[in-house]
Every structure is written in structure tokens, then in C-alpha cells.
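What follows are several structures.
There are two complexes below, and they share chain A, which is joined by chain B in the first and by chain C in the second.
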Partner chain A sequence: MRNSTRRRRIGASMGVAIGALLAALPATAQEDIYRVYVANEFSADITVIDTATDEVAQTITISDRPGEVRPRGMAVSPDGETIYVSVSDFYPELEAPEDKILAINVETNEVAGEFRAGGNPERIAVSPDGTQVWASLEALAQGAGYNVATGERFAVHRVGVEAEGVAVSPDNKWVYVTAEATHTVTIIDIAANKVAKHLLVGNRPRVVEFSTDGKRAYVSAEIGGIISVIDTEQQVVTQTINLGLDSRPVEVAVAPDGKRLYVAGGGTSAVYVIDTESNEVIETITERMGRRPWGIAVTPDGRRVYTANGLSDSVSVIDTSTLQVINNIPAGRGAHSVEIGVVPAND
Partner chain B sequence: MTKRSLFLPVLAMGSMLVPTTSFAQYASSPFYDHTVALSQAYGIEALVLRLDLATEFSAPYDDELAETLEEVTGPDYARFKGTLGQQDPALAADLATALAEVAEAVEAGIDVTEAVTTARELLAKAYAAIIPAEVRDTDAFTGGVMLNLLLAEGGVAEGYEEAVENAEPWEYPLGWAALQRVKALWTDVAAAATPQQLEDGEEMLAQLDTLYPQAEPGSMVGLNPEEAESPSQRLGGILETVVNADLYPGRELPRLAAHLATVTEEACAIYAEQPEIAAETIYAVYDLYDAHLADVAGLFAPEAEEQAGTSFAALISADDGDDEREAEASGDAEEEEGEEQRTAAESCTQISETLMALKTALGG
Partner chain C sequence: MQGFDEPNVPAAKLGEAGLQTSRRNYNGFNVPTAAPVILGLIMVNADARRSSVFLRFTDFVRKGAVFGSALAALSMALCPTVAQAQAQTEPLSQIHIGVILPSTSEGTELDHAVAQAAQQGVVLATEEFTQNATMFGIDFAVVTAEGEGPDVIAAAEDLLAGGDVFAIAGGFDTEEGRLLSQWANEKSVPFVNLFASDDRLRNELCAATSFHVAPSSAMYLDALTSWYVRAGLRNWFVVRGEDEESAAQYERLGRALSERHFGAREVGHAVLSPGVGLQDDALDAIASSGADLVVLLSPAQDQLDALVRLEKRNLALMVTGFPYAQAQTRAFFAASRDAAPILGVGMRALAWESTLDAYGARELNARYMDRWDQPMESAAWAGYQGIKVLFESAMFSSSTEAEPVLSYLAAPSSIFDVWKGIGTSFRPWDHQLRQPLYLSKIDPAATETRLLGQLVGELPAIYMPGTDPVERLDQIGDLPGQSKCRL
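And then the complex of A and B:
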């Protein structure tokens, strides 16, 4: 969806351009540039990787107190041009300046803004219209919504204990927040500004992601070793996909065409590839994988998958046409999450 | 309001239709198969950890450490005291004396070496007397003990968290002692490990070693309280594959609630005649309830969760030695004791019913 939005915008831009001029431009200038952002929990920085070369292009320092201040969850704006990073310290009850959400401009790789998010923000999600960021506040068992433009917190709701994953539905109506200790997903009605219900899912749920059409939500259960599939219309768990008790799944990523779900299996150092039509595992990628992948993201064109590997401090690159690891790239210490930013093609 | 009606709003939510998943990947489930035995084993292990600290440090002890050491006669002892008394009354009497001597020596600030040596030997005998050989000699049971040492209260992860988050530095040595025990038990089960499992497990132990370089607590300011949890959890996962046993009983919450209800019901039936033995079951049930069910109960049925908490507290305190002494001092010891046990039996039944209702509420 992110990609198609971009294509429409580029198409409109091109509509006012002269075709001959476009033809004269180098081919690479007409393509978006993808940048991979890896939140390194223990070195308190962000590794930026250029997907054209799969080399580290830059390291963005988040804090000069690594070990005490941690960047963890990340989210990308719908246009791909802003990466949001949740940052926290180890004193969730204190109003410390380290508890915040940063916005990184993908084109410049500079921090373009920040706003406070108390309560140990762990993971974040951006609304489809790009105006809101939602965060799971782990220490407070809350899900909170923030206005991107002003930084104002406009909503806060009680969710399960040890809040973890968060996602906003593609229709911008619902926020799902997972909680590790209660094994739940809390569904927040954005317009009504209230909790609609709590759903029991697999044991120790970590991350939730919606399908591209918004009809399903996928929830990884780390100790359960499963993916819970939620029918978002009925708001019930309709299926579980068994990955094995030793799989320890964490982040999940839906392919842009919606046909595959990629799951980072921290326990087995594997990536599970799931056919979303059958909800069956069609491939388990282990060869050349880094150790303990937690983070996972797909490029907007769907051709590459990147994983953040916390034990090997690296990023593995998977070619989605062959489902093989084609590269491993060093990252910072404790690679936690990964997102793909976009530098727009020259208009 | 009855307990059952407490859960009706939850059922009405229609949100509990959770498809079940088979967890037959591993050969056994020690927390289901040996629920009480694992709690008894952990009770003995927890006492041994305190004895280890008593000799790791020297008298006179820091006040907070002394309090920790004096707990050798506390709840962890109650986890197996009744069964030991039934199996081997002489050994039980000797152990009670030895543990009391340790506590008294700690309080007096005198050398505990001899008392600790005696208590250690008796605890080893108690372990053999209480836990059948065909149970204790299995890797699965050892895995269960190790998981408790890693993740239960007073264990590796929790000891570190308590020390950092709640500024209780003397929880740290307990975590350190638990880690030393985990490492010793790891060598017992490592024979069954593949080279990769061995490497992974030892890497996690090495990570934990860096968090626990010595028994003495240092400055814990600014550290991550959750730092020991991640490697402990990962080691738990590795351990499952090595010992081929499901070590996370919370994977199927309705099943766990039903199991605990059944186990509790069995204890309720003997509460009047054998309160100490029945209380051992309550300790075991409480551990698993608290670790896996309490939070989710608090979210879906907070009144029931509160009721369960009250009932557990009543039962565990019903077995407390101080209460018994107070009753005797009142001159109505027999009457008081009978009343106490009636109350305990009622609380026991309440727990069982609450757990069964919780099972239903969780979709079981």
C-alpha cells in the first residue's frame, strides 16, 4: 500500500512533466531509494543500510549513554519518508527526557523532531494517514496515541500487563496492542476513544500486524510458538499457525502484495514464510541466517526481507524470489527492530 | 455475587473463542506431571541457596542479608515439611532442628559453618526421601527445577530485577546463588544436548555470568532490571529442547486452570486431616497461578482475581507457625486450630472453584 501510494504521487508529478525529459534521466533516478534502519538496543544507535549496496551508510547516535538508554521499536510513515523510533530508559515511572519518540528524516538521516512518551515506550505504529503515532507503554500497561504534528498525547487506554506490540488498522479505525503477561490483544476504537475488547491470543504475544486488506491481524506468540490469526471484522481469533515451541517468534512482516507473512523466529534463528491464503508455513529459512532474529521488514517492492539479529549483531538479507539469505551486514549491539525508509525518486 | 457470576461478563464478550493448539512437540510436561513435586524440589533448592549464601558471606551479616538467611525456616520449608514429616519423621525433626540452628546462628551473628553443613546434608536426604527416584532422575524434572531457578521468584531473572528495580540489593546474591545452581544442573543435562544446543546454552550462561560476576551486590543504579530475563528466557527455551519437555505450563491457560483446580480439589479433601501436606499443594498451585494466570484473571475478571488472592493468602498463612503459636498462647489452641482449618478448607474450595470458573472464562 505504501508503494502504490507513492506510485500515484509520482505519477501525478510525472503528469506535469515532459515525457522526453523523463526518458533522458538515468534509470536509477526514477526509482525510489530504500534505506534500512536498525534499532540497536544496547549500543543506543541506529544503523542505516543502503539497499542498493547492502552496506552500512551511516550510524545515527541516539544517546551517549548506551546501556541506559535504548532505542527499540520503530515504525515508518505511510510515505516512507519518516522513521519513528521509541526510546526509553530504565526508570519508567520517572519523567525522564529519555522516554520519547524520535522522528528521523529518511532523506537526511537527521532527527527531525521528537516528543515525549513516558512509561517505557516499547513499540510504536503510525496511522495510515500519518497523523498519529501509537505506542505501547510497557511499564504502565497502556496504549497511547500521539498527534504527530504537535506531539500531544490525545489518547491513553489501559491494556494488558507488559504491553508490547501495537498496530493501527489500514482503515484507521482500530488500534491493536499486545501484552506479554496477560497473553492478550487489546482492541481500541479510535473514534470512540475507548477499549472495545481484550482478546486472548498465544502465550507471550509480541508483535501484531494487519494484513494489507485489513481483514486479518497476525499476532506472534513467543512462548506459544504460534501466530494467532484474528478476523478483524468479528474480532475473534480464528486460527493459529503453529511454528514449533522452540521457534520463539517475535516480529512479523506482511509482504506488500499481502500474499506472504514473514516471521522472525528468535529461538531457531529462522525466518518462517507463511502463505496467507492457506496460513501454512511454506518455507523455513535457516541457512546463513544471523542469530536470534527479532526484527523483520520487507522492502516496499517486496523483493527483499531484512532481519535484525540480536545475538549476532547483524542484519540478514533475504531474496524473496529464492527465499535464501543473500547477505549478512554488521549492525550495532543488540539489533532489535528493523524498518525500511524511502527516499523518493526525483520528481 | 457468586464466583460464577463474576465471569459472566467475560463470557458475554464472546472474545474467548481460542482455537486450541497441540503442544505435543515435547515428550513430557513436568509442571503438569509433577506439580507438587517440583514445588517441593524448589523449596529445597531455595533453602540450599540460602545456605550457600550463609557460607559465601561471613557473620555478622548485613541486616537485610540476615533476614534472607533466616528465612530457611519460612515458606520454602513449608513447601515440603508436611510430606517429609510423613515420609521420615526422624529426618524431619533433625532438619527442623538444623534449620532453626542456622537461623539462630545468623541472628546471633556467629559462625554458621557447622550448622550449614548439617542442614545441607539433611536437605539432600530430604530431597531423596520426598522426590521419587524415577521422577527426580529424569532430565525433564531437572529441567523444571532449572526453569524455576531461572524464572521463579527468588531466581536468576527475578533476583536481578528486584535488586535493580526495587533497590533491594540483597536480592542480588540470591539470584547469583540460583545461577550457580543452574550452571551445576546444566552440566547434568548437557549430555543430552547437541553441539549447537550446548553452545547456545553456554552462551546464555556466559551472558548471565556477566550480570552476576560475584555474589556481592554492587551499585545497581542505572542498570536494566530486565537484563537477566532475556538470557534466562532464551536458556529456558534451549532447555526445553535439550530435556525434551514442555517447561512453560502457561501455553494452554484453560488447561492449566483446570489442572490447578483439580490438584487443589485433591488438597481440599485432605485439609482437615493433613493441613501441612495440603498446604504444600497450595504453594505449588499458587506459584503457577501467580506466574501464568493471575495477570490475565486481573484483566478479564478482576473480582475473581482478588478473591483468589485473598484465598491463597488465607491458606498460606493458615500454615504459618506464628499463627499456631498465637493460638496456643490464647489458651484456646484446639478450638482456634479447628476453626483455622475449617477456614482453610473453605478457602481451598474457593480456590478450586475460582480456578474452574477461570478455565471456563478463558475458553476452556
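And then the complex of A and C:
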């Protein structure tokens, strides 16, 4: 009963395409449904793309004041069933009514809840157990932790100026927060609830992501055109991967098997593919890429990479077996970030 | 919103910023203000006592462990020369920077606007980089002195002797830039030129210890030429002063038109005598020349006077002028609009535009607005970036010794983020910072100070995939073959 009810909701929200797909598939052959969520900072909405068809399934309105309210960073819960979106206004005041974090139910594509996150939250990360959301508060130069169940802020720490990227380590012990203006990564000890260390990385660090085994963290430096590789045990920068001065890397995504790092190169309209064993660029994808890819995400099965392209208002789809762009999908204005949500097959 | 003509920087606010200001008057005598203590340093230490984070970092900086390793790795990647120097030094414990600012209590309203903006930019940088330095357990201070004209040398001497500074930033006109550049070279002190655009400072007067955050005249003129040629303005009348700087600008503008940005030509020029405005014979020459653009290579106040006279002639053309520091202020924009409601609302070249809304500029402009309730103008941007460049040179070279700092500044691989959306670096042949410039249109009706100008252009455009970013930035300014600098 529960399952059938939920299925009906899916069908209603996703439209004919998903319904037809589910009907056509034998029950035993059903796979997880992936949905791509794209935060469009200028149109103040979220584009939802069905990966089975690579078509836009829905557009979720975040605000009826596009140009004033901007959704930017996103994160997905460990089970894939909730997408979190950081929302702020365009003027990075210390506090604004728009500053908050939204939770979108992947199954229904509805906003299931929200909590306050004052200080211009730019990017967010979810803890591996799904109980915490951490945000970079750009205007306040802070990293803050929130209880997902209550929305209560349980931690706030001073980080560098223009806080941006945030990631929680797979072992749930550390939070890394980047700061664009100070070229720093601040490491927060979650259990002790205190700052453990600050590291210098490349010029204008944007996004930080951990490797799947948690032994390394990758930090993109937009102006430096590099990826800093941090040894998370020693908490030092051990290597620098040079992508070129003009590459302007922003979001990075680690493949589920941990063997590749995909980097959105906004300045060159390229995606850089890095072998994580050698830390060398093995492919630079430019053909058919949308303009200024800013966000990037890999499907949980590792077969596709999706990029949010800010200047062409589009999403490019990359086949990871051929490392070629196989599709371009229209998104909203100013596609900023992208995440992949999951509706389990046995749901 | 505070009006442009009502500058109001509470002294208390400046004090909170951790700045020490000593004052030198025009006769060269020290005007005592504060005891020679470095408030920035005191502030850092006071914060440190309250901060367990700081204590922890002080501890590990003393041990020279992780921070040193991270810095070494980054330095190695960025600059072998710097990395070698860094490997021989202890972890950095102190960064003191000296800044010489123009007086906020002297000069015209436009002079005041420049001085105030520069001071405010320096304060914001001091606050933000104090935070950064504190994260790494580094004592940081910006020590400022007011000085203009020949007094800048004495001010620099004071800063070096009393402020324990490792570098100097300043230079708001040619004379100050020349004097400070020569002084710094004799003393082997790194010098960052904030606003002196004169090309001679990058050519026959260049120095190995001088680095120019200020865009050069050649860059401004190339940018103006490119913009107006693209806009279809083909017949240019040039008005210049009798002084050497103006003559050099005129010569360089001619080269820009004839050698670099084809499509327009000079249809006439006039020379302004000192203290004498645009006279009837010059106005007649402009009217009969067929000019569609008048370029004023004269100081800001002379540009305003010329606009009044041109407006009275009801000429159907456009007017722009050389972007001296005073002409890059919202106060000038308002005065231009008041002086000539039709011809005075044209486009202006700027080093920084407060309506720039990309590349993180939104955040910097907003922080400045939050701090001062005024838009960030070019002089404020220059003051901020001058400190940033010197701070990062010390941080990334892990030294405040002249040699490693100068090596870092000069290294082509040293990248500086100046909120213009692209990594910038100092040109090796003349130490000019490569950077985009902006074109702002004076708004005929805006009442909000920030919106007196509206960003309408960027040159070079930085988003050009498939082209070399350094070559892209070198589209404006003098190339090595044109340089007379021998470092």
C-alpha cells in the first residue's frame, strides 16, 4: 500500500516519461531512478532532469523573485533521497531573510522543509550519516553545522574570508571549508567542535571534495588553475595538479569507484578528467561542452557525468566510458550546481 | 546611503581597523599624532589572547611543522626560485606593510575623494588580512603615513625606521611614484605603486624593486582606443596639457591609433596652457574638425572645465578623458554630469568599477559597501590590492626579506587574484600588473552614489576559451619590444 501510494506520487510529479518507463520495464529489471537537480541562480529555480531520457522532467520554483533570490550550492543525502539547496540573496549582506537551506524530497520533487542559515550560505555538505548539514557562510567567513532533524545550528567556526566550499570526510570526523579571498582550507574537528588547522592552497579555492576512501581531499583553485591534493591523515598539501591558468576550475566530483576526478573548467568550457592514482589529467573534454561549466556530478553508477553550464544555461551529459559529451539539455538561467538524487528501485 | 559630497569617515572607525597613522606636513616636519606603536600588531595579539585557535597555531608555527610543509609544497609548485629561498628560511612570524596615503584634509573635493577611498580600501584590507594572518599565527600590521609630493620620501623613511615594515605601497601621482620608486630602489625595499599611471615609471624610470598595481597610461589609452574604435567613432580630436606626462600620453595615444587599434584617426589637437581653459580657437578647431570624439588628456579639474565649454557649443560628439585618480571617483562623475548634462555623461575608463558584479567582485564591493556605506572606487581597490599583493608575496615566499619577496613578485608563475576574474601577474619586462580595465557610463539620472556609473565594458574580455590568458591580458599596454625598461 505504501509503495503503491508513493509510486502514484512519482507518476504525478514526474509526468508521462517516468510513468511510461516504469510501465515498460519488467519488475525484476527495475533500477534505481536517478534525477539530476540543477540550481539556477538567476532564474531562482531548480531544473529536474530524468536521466533515463535526459529530458527536463520538472522545474521547481525556489522563489518568485528571480534576480533577487539565488539558489546555489547543493548536496545530496547519503541515501540519495534528499537534495539540500543553499539559498541566499544576491547582495552578500551579513544577514538576509532569504538565507536558508532547503530540503527537496527526490521522490516528490517538493520542498520538504527548510531551516535558517544566515550569512549568505553558498555551498553545503551532508554528513555521511545524514544527520548534519554543514554550510559555508560566505558573508560571515564562517563554517556552520546544522542538525537536519531540528534545523538547529550546533556549530559555527571562523574560517577565511569569502567562505565557499565545504565537505565532510567519509569517516564523519572532519569538515573542510575553503575561503576564496584568503586561499585557505580550514579543518574543523567535528567531535571536538573546534578548528584544528588552516592550510594554504591555491589562489581562490572554490570547492573541496574527499576521495571515496577519505585519504585525500581535492581543492579546486579557480584563479590559480590548480587542484591541491591534501593528505587527510597528515593534513598537508602533498601535490598540486596544474590545469592551466585559464582553466578556472570550480566544482569537482569523485567517481564512485574513486579512480577518477572530474573537474569543471569554467574558464575553458572544459571538463578535466584526472586519474587519481597518478594525479595526472588523462582527458580534457571540450567538444560539445556547454559554456562555462561550473557544477559537476557523477551518477551513483559512475556511467554519466552531468555539468551545470552557467553561460549557456544548460547541462552537458558525458558518457564516462567514452569521455565524450553525448547530450546537452536546457536548464534555467545561470546553471550553478548539480547533484544526483536517487529513487530506489525497490521503493 | 551617504552622498558623494558628504564624505564622513569617523575617526573611531579608522582606529578600530588597527591602523597607525603618522602625519607629515608639507614643510617636512613631523606632526605628532600617535606614539609609534603598531596598533595592528596589538590588535592581533589581543585577539590571540582570546583565541585558542591562535594559541594552537602559534604553537605549531613555532614548531615549524604543518604550515611550513604546506607552504613549501605550494611554493615549490608556484615558483622554484621562491621555493629555494623559502627552504632556507624559518616560518614567517611577522608581516608589517607601510602605506603612504594622500592627505584627506588637503586639496580639492576630488583630491579628498581619492584620499578617502584609498584610506578606506587600506582599512578594509588591514581588517581582512589581519584575520588571515591570525589564522596562521602571524603578527600583521599595516602602518600608514600621510604624505604628498616630496614629503613621501620622509614618510617612507619614517615607516621603514619606526614601523619595521618590509615593503612600501603608495604613489598617487607621477612625482610620488618616481620619488618612491627611486627611494625604494636605493634602499632595496619592495615598492608597490598604487595609482601612478605615468608610463615613464615603467620605462626609463623603471626599477627592479618597483611593481605597479596601478594600470599604466598605455593600458588605459589602449583600452580607450579599443573601446571607442569598436563603437564606431572614427575622428578624434585630442586636447592635451603642456606638461611632459600629457605629451607622453598624446604620443602614446597616437601610437595606439596608428599601430594597434586601426580604424580611427586624429583630426586635430589642442594644447592647454596651465591655468587657461579650453579657448575659443580650440573650440572652433574642434567644431570644424569633424570630430566625433574629444579626448581630454588633462587633469580632472581641467576636464570638467573643458566639458562646460564644450557643452555650451552644442557640439554633436562624445567626450572622454584620461582616467587620472580624481577622474575615477563618483565625485567626478557627479561633477561631470553637473558641468555638462549632455557631454558629461559619457564613458570613462576605470581600474575598478563598483557595479562590477562577477568574479567575486560582487562580494568585495558588498563588503566595502557594508563597511563604509560608500561604493568601492578605484583608489580603494588599489589600496586594498596593494596590501594584498605584498601580504601574499610575504606569505607565499615565507619571507619578508627583500630578495625572496622581489623574486616572488617578479616570477611569471606568481599569480595574484585581484577580483577581476583572471589570474594576474607582473610583466617581467616592466613589472606592470596585467589586468583587465573597465568602462563605466555616467548615469544621467541616478541619485544613488554607486549607480552614478554603470559598468558597460571590460577590456580585455577575460572569457575567451582557446586563447592564451597572458596574451589576452597583454592586449593592452606596452609589449617587451616597446619597453625602454632594463631591469
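For this structure, a couple of remarks:
Criterion: the second predicted complex is superposed on the first by the 310 of 347 C-alpha atoms of A that agree within 3 Å, B and C clash if a C-alpha of one lies under 4 Å from a C-alpha of the other, contacts with A are read in each partner's own complex, and residues count from 1 in each chain.
Here, a residue touches a chain if its C-beta (ideal position, glycine included) is under 8 Å from a C-beta of that chain, and two chains touch if they have at least 3 such contacts.
Since we're looking at a predicted model, the values are computed, not measured.
Clashing of chain B with chain C is the outcome of superposition onto chain A. Of the two partner chains, chain B and chain C are each touched by A:203.
In the superposition on chain A, A:213 makes contact with neither chain B nor chain C.
When the shared chain is aligned, chain B and chain C each come close enough to touch A:161. If you count the residues of chain A touched by chain B and by chain C, you find the higher number for C.
Judged by the touch definition given at the top, the superposed model places A:245 against both chain B and chain C. When the two structures are aligned on the shared chain, A:67 is found in touch with chain B, with no touch to chain C.
Once chain A of one complex is fitted onto chain A of the other, the partner contacts of A:90 extend to both chain B and chain C. Residue contacts after overlaying the shared chain place A:270 against chain C, while chain B stays out of touching range. In the superposed model, A:226 makes contact with both chain B and chain C.
Note: residues 90, 160-161, 181-184, 197-203, 223-226, 235-240, 242, 245-246, 248, 267, 292, 311 of chain A belong to the chain B contact set and to the chain C contact set alike, using the contact criterion stated above. Chain A meets chain B in the complex at residues 67-68, 70, 90, 160-161, 179, 181-184, 197-203, 223-226, 235-240, 242, 244-246, 248, 266-267, 292, 311.
Remark: chain B residues 13-19, 21-23, 25-26, 164, 203, 222-225, 234, 237, 240-241, 246, 248, 250-251, 253, 295-296, 298-300, 362-363 touch chain A in the complex. Those residues of chain A that touch chain C in the complex are listed here as 90-94, 138-139, 141, 158, 160-162, 180-184, 186, 194-195, 197-204, 223-226, 228, 234-240, 242, 245-246, 248, 267-270, 286, 292, 311. Contact residues of chain C toward chain A in the complex are 52-53, 57, 66-67, 69-71, 73-74, 77, 128, 131-132, 135-136, 360, 362-364, 366-367, 370, 392, 395-396, 415-417, 422-423, 463, 465-466, 468-470.
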